[in-house]
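Multiple structures are listed underneath, in structure tokens.
Shared chain: subunit A. Partners: subunit B in the first complex, subunit C in the second.
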Partner chain A sequence: MIYICFNINPPMHISDGIIDTNICIAANVAAIGLVWVAGRKTPPGDVPKMGMTAAALFVASLIHFPLAGTSVHLGLFGVAGIILGKRAFPAVFAALLFQSLVFQHGGLVTLGVNSINMGAGALFAWLVWRIRRVNERVRAFLAGMLGVAVPVLLMVAEFRLSGYGSRILYLLGVYLLVAILEGFITLAAAGLFRRVRPEMLD
Partner chain B sequence: MKHSFLDRYSDLDSPVHRIDPRARLIAAFSAIVIIVSEPHGRLLPFAFYGIIILFMTAMTRIPPGFILKRCLAVSPFIIIAAVSYPLSVPGAGVVENGYLLTEGVRSGLTIFLKAFFALVLLILLTSTGKFHRLLAGFRKLGMPRLLGVISALMYRYVFILHDELLRTSRARDSRTPGAIRTSRVRVYGNQAAMIFIRSLERSQVVYNSMLSRGFAGEFPDMDKLRVRAGDVLPAGFFILLLLTVRIISQPLTERLFN
Partner chain C sequence: MLKSTLLVFAAFIASGLTAAAHSINFEVERHAPAVSVHSYFTRTSPLAGASVVIYAPGEDQPYQTGRTDRRGFFVFVPSVAGDWVFEIDDERGHRDRLEISIDENFVRGVTGREELPEEEAEDHYAEPAEKETVSAARIPFFYRVVFGLALIFGITGVFYGIRAKQSASKTE
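What follows is the complex of A and B.
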């Protein structure tokens, strides 16, 4: 099972028709609400940064990392959380809207579900990143890991609520490896930010 | 700089291409909701949906091969979900009294068909008009202003960052050839970070030049969108058609199969 999943690139964004429609509609409403809350009182100077980060998020997700004879595409929601903080949510939403429209990664009706999943990853990454007492490298690793692990946990919950059986939990094992990989990627990225543009991290 | 990956076939001319993006957006969204809210296990309505969508596809003149190729790229997720449903639900066995088309298998099939039809509708939506007009449609339909500005910025810079990705990938591959080593994780992390850094630097320059040209927080829409009867009627007819199938399919199934 694990081998099969790996061989066909672990999917992160839920397509239309896979999970219960009521969950999708409720999530769309909640996501728009969260965009409003997270985007409230955004200083005008931050808007281009959000747009660019959204574009970078979209583009960086096209990077494929070779793993176990196949490839895993990067999510980088942890990095978005580190850079943008709570303002990552609208950026993640916009990036997912583009992914849905351009590559059909994730559906139109499931846009709310997907952005809550991935946005929650970014928000948790931000929360961990804010614990200044912990070593920065540890924080970066955890932020990257949570950027994948939180979305996956939410995804499993949504599948269970839509009537899928408990064997869907096998997915967790596959994604745990991806989460660790993202942790290391984010660790490296944060290291480069620290060396080149430290103001991005503070 | 290649940007046809955003909206290939958007410059074809067909009755569907001429419809206002807002009408197309509402039609596609409603159609997907109608189809995906169909309960598990009933296959008959999907035959009708299939015919309607096939007819739509033919009308748009978009090559079916293109649509299928796009679908194939996303299919792993759909197939995993469709296969895992009958396998993971207790009591929904794959074979029952020697019959293969059990409750569980039918549910799996409906999941597959729902996802497939939704995918085709989404591809038709983005391929039947310019991408920036679609985004303008979203804005006109009441998308939060912040999201509108972010997506307008994304639309303008995603190509440039895509070039950045190609450049950094070329640099990466030429410096770390050969086998996969764990140290490569760092290389990939650095590449991702580099894309973020360059995008941020560019956003500052862009923002300054936008301010100096009088940017006041909103992008003006260059082409005015107008909704005419010619937009509303076909979109409304399409939604009504699917809704009819959705409503009559249950009594029809019961009459035919019970």
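What follows is the complex of A and C.
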């Protein structure tokens, strides 16, 4: 069952045919609404930043590496959240749309569910990043961790609600390690931006 | 200027979309005497009930016709060595063609079973199935990454153009 659900390896993308179609349709409508809400009134100067972030997200999930006996990939949703804020959602949506079209990574029917899962990771990262009284390095690390942890928690909850067994919970263990790794990557990225382009973080 | 910029980015999108069509993937499993072809978009969305035509090497007339089962599988038994052609059409706009090479050994397993010594025949039939996965799009990974990025940058450019135009009209 795990094999069928995750197409060999356990990525964060849910394929078509796993979640109830009515839920998927509702999620697609909700995701398009969120794209509109988050993307409207975007200053023209932010658009290239959104495009670059979407491109980075698109490529990041294609780079797989072995971990804990399986193969995982990065998400960079924490980085997207701290750079774009709420506008990370349209970037995540665009990256997932083209991953689905070009690589059949995820599915078009589940695009909304996947976008909400991963977009929520970016939005939580942004919320953590906004807590200014906490040290910036701690915020960056937590943002990176939440960028992975939130999507995985949502995905596991969706699988459990769809009637899948408790074996799905093993993903939590695998992705806890990825979340820690993403925390360090986000920390490094935030440090780089602070030195090179500090305005991107403010 | 804005119009020409939008046109350039629209061209980016068009070039990406050409490659981003919903492509069919195949998994070919050979286990003498049969070849099984699993056709799917993703592991959980098979081409179920799709029309299949099999052509023997060098033949114009179909060797076998039929439909995939509900899980997207189709099985046929090649009779000669050579490049067999597997054509699939789901009659909803997705069709593709796959060449499957069959060698003499495989055919010996199919047609020459009685001629083979019993032990050899048993050995031959005991061989584990060979599995081969083929992406029907057959576009190399690198090009698909480039196409995906072209689409993203194309849409970014168009979105930028629209937002710039809206901002300019508000300023006026």
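Note that in this section the second predicted complex is superposed on the first by the 179 of 202 C-alpha atoms of A that agree within 3 Å, B and C clash if a C-alpha of one lies under 4 Å from a C-alpha of the other, contacts with A are read in each partner's own complex, and residues count from 1 in each chain.
In this section, a residue touches a chain if its C-beta (ideal position, glycine included) is under 8 Å from a C-beta of that chain, and two chains touch if they have at least 3 such contacts.
Nothing here was measured: the structure is a model prediction, and the numbers come from that model.
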{"item": "Fit or clash between subunit C and subunit B when superposed on subunit A", "value": "clash"}
{"item": "Subunit B versus subunit C as contact partner of A:V102, first or second or both or neither", "value": "both"}
{"item": "Touching partner for A:V35 - first (subunit B), second (subunit C), both, neither", "value": "first"}
{"item": "Which of subunit B and subunit C A:I18 touches, first, second, both or neither", "value": "both"}
{"item": "Partner chain(s) touched by A:G165 [first = subunit B, second = subunit C, both, neither]", "value": "first"}
{"item": "Touching partner for A:V47 - first (subunit B), second (subunit C), both, neither", "value": "both"}
{"item": "Greater subunit A contact set [subunit C / subunit B]", "value": "B"}
{"item": "Touching partner for A:A94 - first (subunit B), second (subunit C), both, neither", "value": "both"}
{"item": "Superposition clash, subunit B against subunit C - the stretch among 22-30, 130-138, 166-174 or 184-192 that is involved", "value": "130-138"}
{"item": "Contacts on subunit A seen with subunit B and repeated with subunit C across the two complexes", "value": "8, 15-18, 42, 44, 47-48, 50-52, 54-55, 58-59, 62, 94-95, 98, 101-104, 107"}
{"item": "Contact footprint of subunit A on subunit B as seen in their complex", "value": "5-6, 28-29, 32-33, 35-37, 40, 70-71, 73-74, 76-78, 80-81, 84-85, 87-90, 111, 113-119, 122-123, 125-126, 131, 134, 138, 144, 146-147, 149-154, 157-158, 161-162, 164-165, 169, 180, 184-197, 199-200, 202-204, 206-207, 210, 217"}
{"item": "Subunit A - residues contacting subunit C, complex", "value": "4, 7-8, 15-18, 42-44, 47-48, 50-52, 54-55, 58-59, 62, 94-95, 98-99, 101-104, 107"}
{"item": "Complex interface listing, subunit C residues touching subunit A", "value": "16, 19-20, 22-23, 25, 41-45, 144-145, 147-149, 151-153, 155-157, 159-160, 163-164, 167"}
{"item": "For the subunit A and subunit B complex, residues of the former touching the latter", "value": "5, 8-9, 11, 13-18, 21, 24-25, 32, 35-36, 39, 42, 44-45, 47-56, 58-60, 62-63, 65-67, 74, 76, 79, 83, 90-91, 93-95, 97-98, 100-105, 107-109, 159, 163-168, 181, 184-193, 196-197, 200"}
